[in-house]
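Below is one structure, written out as structure tokens, with a few remarks after it.
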Amino acid sequence: MDAAQYRDSLRGYAPRVFVEGQAVACVADEPLLAPGINGIGVCYDFAHRPEHAVLMTARQGTSGKTVNRMTHIDETSTDLLYKLEAVRLLCRESGCAQRYLVHDAANGLFQATRRADLEHGTDYHARFLNYLHGVQERDLTFAICMTDAKGDRSKRPGQQANADCYVHISERRPDGIVIRGTKAIVTGAPYVHELMVMPCRTMVPEDAAFAVCCAVPVDAEGVTIVSRRAGRPGEAAAKFSAKYGQSVAAVIFDDVFVPWDRVFMAGETEEAGFLTTSYATHHRHSCIAARAGFGDLLIGAGALMIEANGLDPERHGHIRDTMVDLIKIVEGFFACGVAASVYGAKDPSGNIMPDAVFSNIGKLLLATQIYDMHRLAHTVSGGLVVALPGPDEDHNPETAASLAAVLGGRPDIPSSQRAEVARFIEDLTVSNQAGWYSVISLHGGGSPEAMKREIWRNYPVAEKAAVVERLLDRGLLDEGRRVSKQPGRCCATGCDVPEPAALPVAAE
Amino acid sequence: MDAAQYRDSLRGYAPRVFVEGQAVACVADEPLLAPGINGIGVCYDFAHRPEHAVLMTARQGTSGKTVNRMTHIDETSTDLLYKLEAVRLLCRESGCAQRYLVHDAANGLFQATRRADLEHGTDYHARFLNYLHGVQERDLTFAICMTDAKGDRSKRPGQQANADCYVHISERRPDGIVIRGTKAIVTGAPYVHELMVMPCRTMVPEDAAFAVCCAVPVDAEGVTIVSRRAGRPGEAAAKFSAKYGQSVAAVIFDDVFVPWDRVFMAGETEEAGFLTTSYATHHRHSCIAARAGFGDLLIGAGALMIEANGLDPERHGHIRDTMVDLIKIVEGFFACGVAASVYGAKDPSGNIMPDAVFSNIGKLLLATQIYDMHRLAHTVSGGLVVALPGPDEDHNPETAASLAAVLGGRPDIPSSQRAEVARFIEDLTVSNQAGWYSVISLHGGGSPEAMKREIWRNYPVAEKAAVVERLLDRGLLDEGRRVSKQPGRCCATGCDVPEPAALPVAAE
Amino acid sequence: MDAAQYRDSLRGYAPRVFVEGQAVACVADEPLLAPGINGIGVCYDFAHRPEHAVLMTARQGTSGKTVNRMTHIDETSTDLLYKLEAVRLLCRESGCAQRYLVHDAANGLFQATRRADLEHGTDYHARFLNYLHGVQERDLTFAICMTDAKGDRSKRPGQQANADCYVHISERRPDGIVIRGTKAIVTGAPYVHELMVMPCRTMVPEDAAFAVCCAVPVDAEGVTIVSRRAGRPGEAAAKFSAKYGQSVAAVIFDDVFVPWDRVFMAGETEEAGFLTTSYATHHRHSCIAARAGFGDLLIGAGALMIEANGLDPERHGHIRDTMVDLIKIVEGFFACGVAASVYGAKDPSGNIMPDAVFSNIGKLLLATQIYDMHRLAHTVSGGLVVALPGPDEDHNPETAASLAAVLGGRPDIPSSQRAEVARFIEDLTVSNQAGWYSVISLHGGGSPEAMKREIWRNYPVAEKAAVVERLLDRGLLDEGRRVSKQPGRCCATGCDVPEPAALPVAAE
Amino acid sequence: MDAAQYRDSLRGYAPRVFVEGQAVACVADEPLLAPGINGIGVCYDFAHRPEHAVLMTARQGTSGKTVNRMTHIDETSTDLLYKLEAVRLLCRESGCAQRYLVHDAANGLFQATRRADLEHGTDYHARFLNYLHGVQERDLTFAICMTDAKGDRSKRPGQQANADCYVHISERRPDGIVIRGTKAIVTGAPYVHELMVMPCRTMVPEDAAFAVCCAVPVDAEGVTIVSRRAGRPGEAAAKFSAKYGQSVAAVIFDDVFVPWDRVFMAGETEEAGFLTTSYATHHRHSCIAARAGFGDLLIGAGALMIEANGLDPERHGHIRDTMVDLIKIVEGFFACGVAASVYGAKDPSGNIMPDAVFSNIGKLLLATQIYDMHRLAHTVSGGLVVALPGPDEDHNPETAASLAAVLGGRPDIPSSQRAEVARFIEDLTVSNQAGWYSVISLHGGGSPEAMKREIWRNYPVAEKAAVVERLLDRGLLDEGRRVSKQPGRCCATGCDVPEPAALPVAAE
């Protein structure tokens, strides 16, 4: 499908959607959702452009068919790297491509269903693969329903006074399961074809009813979507986010029936936790690319603003310095995504996981530095972003001309063009959209604390300690050492023996 | 006046104001300006509260009368410290009190007019004092028209193709002057009594027409005000800025006549530069307190959010750590304001200047760290800020109840109360108001680069170099050394002889 | 006493001292200790200089006598500020004046003995005052024996397998107590007159034997001092620390008898904890000034190096920027010391405590930023610090001349002078002395984590939360709120009612 | 050769070496140089270990022979990655492997000689290749003589009063050239076989005599080496650097004759500048790996110290947090090295250059963050580093036993073992060696400012600006835009068209 066909395909669904308190009659025509639909549309359109074919499409190994990379199961380091590049490419066009979530979930599910099958003798993997092939074939998009409402954070799912704080299996039937509960922060929920319900945390056996993963059509009976608008539709000052944006929604599942062929986990608490983690690793890797694409927009807009202000980075050292700081941040965390690709680890299921340490470091760096990116963009752009009257004044016959006469910078660049860049930067770094990007960068895919714990959990600290002990001519400490529970895997990050899997994978 | 009287007093003026392209009939009744009027109102109301009298009022030395501290001329370190406290107090109530700009300009003018008189034999100082006493007497507020539109940044005012890029004297008459040109970023312009036109940069003799400072009634003939709305009036989600905010406007002076008794500088380019700098030093000192008040709101809201989420900073170390980081930033830059007060320098005109080094460091720290403050507030508040549906959903009968049932945190705190704090934080750190606070913190009162240059210009580097030379048993280098042009003033920051002026001033 | 008399006075003592494994026959003549003795000597000499009298001496209120400020009990904010200035002045001469520890301990003891007396009916306060007056009269210096060896950090003092890990009362006799155990990190131990034994942590009643504070002559029977050398005595490259340095020692108390008039706490575990905290607050306040003095040396040396390299900060923006960063750090944390002085809190005992929040923030900032100070000093000084051959080459007839010919920078500054500054910077930022300054800045007076906990413990979080609740038009939460245990003290940092005690104290 | 053979091979040379003012009779036996020889020795030994063969050896394409990777010409991304891994492996054993400089220079020369030949019709490339094959064959090590003494930094080489400030051609003869002048900061100079003289800056045609590159045997007539000691030989406290270290020397060329077959550039100023840059890019890439190896040692030692102190990172969140910060820094800059490998660019000469943007960002990150690494290591290790008496006390019969009894931490780890780790950390982060590592990390391979300019020069800013212009529906600005001189190369970091060269290179 291309973007137009994708949009039209939404007419085939009749989800129950509220946007800002109002019921939506037709998602495909709803102006408040249009920027979100446009954003996903880029994922469709770019796959048809010959110059992007290498990045935007891939050959799905299990089916032999060429699919959109946003639905692909990665097999090599090169796949990981191409996905990274593809997401950056999409996000520097659309701000947030959204559809990479399909990729992240598909890869996590590919691994977790195999693991569950091995442990429990289930057939989730085949079921999921069957489902995935259908999604690829019909070029569908699904939204990820992961973050539960959670309720009292000091209690586990099974202990909540109100069980609906977490989506759970309320009934098991011969033909399927019934689920209920509420998921929050569902990106793009109103304008996708399917909802993928996934667990969001580690669980104990008592939480079995909450260890549920399944696919639900967006207009299944019992589903209600409560969404914010996507971007800043219709706002004249929104140079970017009037066109592209994303909706975030809460999704209420009120006893929704799901047939077994759409159920990919139902009670396996251990594997539910693994699914959460493996999805998160793929997703954090994708986030790195997404925010690097956002960084490209800031770098480009900053350069245009400097130019319109009549300044020259060669001569004004502090301007150049600020731009270099911005570049350093963006390429610095992007490099972590590249390293995570190169050091990707083969999963027993056959796909490849980006390295967890590098993925989490990259995500942590972008999460905390998105704020610095705003600061640097503001620094180079100067005060015009606040000095500029709103766009309504552009058409005020009593003031527009005299303001235009004095608000130019460099004489060969019209003041309207200067104003346009200033508003573009305002849109990306000052508006409420900018604020949302910040919070989503910080907390999306897990809080900074979650990232830090994951880095610690995966880092081969014991192996590094062993190097020092050897240098101190000591016998190595016994296995029971407390410094790290991580078994001394000889990781490729500075290991004694190069991991054979690492580069041959890249070299395929 | 109290807040209500101040608002009513605006009915006595008929300024030509456009807000977002629409002419405003009555400023006092304009909903889009109400948050700005409320903000300034706090400066009036608090002066009537007995518990704030020490901070909010002061005895003006030149008249012997008790005046609002926001219009006071400082005489001692204690004055500076009380102003600092007063501004913090006002801004943690109103976000931005705005009226401290009157203080900053009045003190800068007090110094610069005296200096001009000494050099040129003018009588600006008496004129200004006469004007100021009137302002104090009638408890008026004026807005500062400082930042010019500027045009081509590579050219001085006198070189611009379009002279209107800088406000200038277009005609000198026996009874006064005529000014024209456009000023940008004028805080509070629509809802003040007077506009104070001031120069914004250093100048050379050829720029004499641009070295102009004068007071103009807000509704003087030829004045047009093009303003943005103040805050987020009428928005349900705007828990704070629906009530308090600030307008920023461009002000067009289209041949406005100003009689001589309202003209405080007219052609003295050297002193115009001094006025810009001395105003800036007072203003940066005030900014420190303003943003510390904003910090108080973030700290308080963060604490409430943690509580509503059911978390305990004593047990969750990373939450406590984040709060401490936030406190460290806020009190860290506030401390620079305190030090600038203690080391204030007596001006020959009789008032006191906050120390330039500490004032600029404090402003620089807040300018760059406002972004970190947002990050830390987002970190402690968690994902609810993005998970929460908009306020319109609160009244959607089809979804409100089921969402309320699951979006609570701690059982003893209603979900509506939790939502309210989340929206308060969203308003302060995510909305476009939050973005504006960032940019204004960064560029208001001068860019970071301007602050750095001012720190360097004022720091006694030569004196520190001399200490090291003595330790190296060397003869001191001659006066011509390049390391600093700063004459070796024995500043109180680590000086050999404690500056006699410093603490006796505080001790008065 | 002046520095020479102080040094001679050490001949009156015969402590058992080992330096680097060798017994020291005469401390006053030991070259390895000379830099430490020189450092303390500055505290004596400067008190005799008329230009420093205001800072370096003070009138002790309890005796009416003029004493060295390093032994003074503070009574006003001005006292705190003058101590801050005095310590900065001393440390920019000597690197580390050491004797301010006497001040910090004396003030902590002044408070804690009074508190113990009120609680337990003891007479520690009078005893201590009597002792202190003697110290002031004879102008003595004592070292602080605080940090215990500690042993297993997971156990309290009373639980240790080896009780000697903490100094404790091993016997109570009618005429006094007997103490044993080992203290570590005792600054200046070999070359002081007295050792002040103090507890280093909070304790429970079972730890009573460890709640001991007493004064012991440095050569008391049973005392052994195991010391490192002070600075870098005799090293040609040590441009600064061959002259000034500090010794850090372990002190072993092997059943040392202490008569009752030298015992200031013996079993009062609650007040022992208070003593630790109040000492720490005074000490952290002093540390701020000490490291600001160190910062002065870096700023001065950096300026000389830039000059010798032939660079001009006015023209080379990145050099100026780096110097401003260095200034920003140094004056930024010094400002916290100033604010802690202004907001000092009167103690019931009659002296004044620097504000705990500002003191801890200042110490935390210097602790973590000393590393940045090194980085910035290295950045401005360029590569000469590593390019320069060692000082032995200066006298190598085969190479000295040809190296001198090419290692100059600016033609009017001899290469020897350039080399001298480079070695000065190397001494302060590259040598093992530099490394020690880093670690002592980080951990001295408590680890960063200890500072953070103290900031949290003392910050009026509840008061800030109350402001927000009021703005949200809510009833205030009840007292039991978890956000902070801090009773809502109305601190002066942004308080509703200005603390009456604050500035009148400064004004005395 | 293995390490022993390498050491013995040094006996075949008789260089004129002074270490700290004393002539060295036999380099191979000089204790003050032993740690440096050990360090290079690791590069030889590891190449013989089967488990390191993949990383430590490579097949030189121009000769078909297997060579030590430290002398290899890279042909693929995999080569770059393996070099990166190899350098990290070597440096986490030896601190600084030194010999990677051979690699960096060889690759730079490979490119620059080809470029010079194409431009000037010279035969430098063949000459150099012939020389290199000899070096590889005989497994030699050469030192890089790059940084000139420089003299007055405001003048170019050809303008210096004393021409010897830069090494230059003093005479051209039929059989070769004569060079004179002094090079500074030559790593490992005394204990290598050859000295490689290279230019260190951009030049103009008038500087032709200074555009010289040639190889000189270490004991050529007229060469004098003035060296510092390597590491901390013979110091009991130097747990690491008594064994491994590096010498830095000044090398005086006093009319040294070099035959033509050892001359690789002689007057080609344009290509001399290119050689400096291409060497620098390879070298910065290597530096990333070197300091990552150093980071491994800090991480490992930190873990051991935590363990010996009896702390558990799982329970003590701030300890875990600090370790994660350390890991984040080390792997964060290492990732830039990986990305620079993946996006390496084929040079027309046939080898591959690491991407300049990523290489410079990685180097810049490590240069500025080495100080943070020290801070974090100090934070986790606690105060023992300063509390511990020196190693001489270990053998003091009067104190050793009682100190050992109290200086243990966890009961199952002997206090001697705890002390050993503390001294290891002291050696790496507190000693003068630690200081040297800092300065060399900061300035080695160019100052931070040099890195920033290189990032700016190489970044495709114009291409990013074009993306934004397209989004703003504008015609693209013309070529003359000032924002960047960089031709809009379609780099692989977020490009529209994936660079065909990028991954196929990795895949070879």
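Before moving on, here are some points about what is shown:
Here the chain labels run A, B, C and D in written order, and each chain numbers its own residues starting at 1.
In this text, a contact is a pair of C-beta atoms (placed from the backbone, for glycine too) under 8 Å apart; a residue touches a chain by one contact, two chains touch by 3 or more.
Everything quoted here is computed from the prediction, not taken from an experiment.
Of all chains, the one whose mean C-alpha position sits at the greatest distance from that of subunit D is B. Counting C-beta pairs in contact across B-D and across C-D shows that the higher total falls to C-D. Between the CA-based centres of subunit B and subunit D the separation comes to 49 Å, rounded to the whole angstrom.
In terms of their C-alpha centroids, the spacing between subunit A and subunit D amounts to 38 Å.
Averaged Cα coordinates give subunit C a centre that lies 39 Å from the centre of subunit D. For subunit D, the set of residues touching two or more other chains reads 318, 321.
Taken as a graph of touching chains, this assembly is complete, with every chain in contact with every other. Taken in their complex, subunit B has these residues touching subunit A: 18, 20-23, 147, 149-154, 161-162, 164-165, 181-182, 184-185, 224, 226-228, 248-250, 252, 254, 309-311, 318, 368, 371-372, 374-375, 378-379, 382-383, 385-387, 389-390, 392-393, 395-396, 398-399, 402-403, 405-411, 426, 429-432, 434-436, 438-440, 442-444, 447-449.
Across the complex, subunit D is touched by residues 317-318, 321 of subunit B. Against subunit D, in their complex, subunit A makes its touches with residues 51-52, 54-55, 78, 81-82, 85, 88-89, 92-93, 239-240, 292-293, 296-297, 299-301, 303-304, 306-307, 312-314, 320-321, 323-324, 327-328, 331-332, 334-336, 338-340, 342-343, 357-358, 361-362, 364-365, 417, 420-421, 424, 452-453, 455-456, 459, 461-462, 464-469, 471-472, 474, 477, 481-485, 492-498, 503, 506-508.
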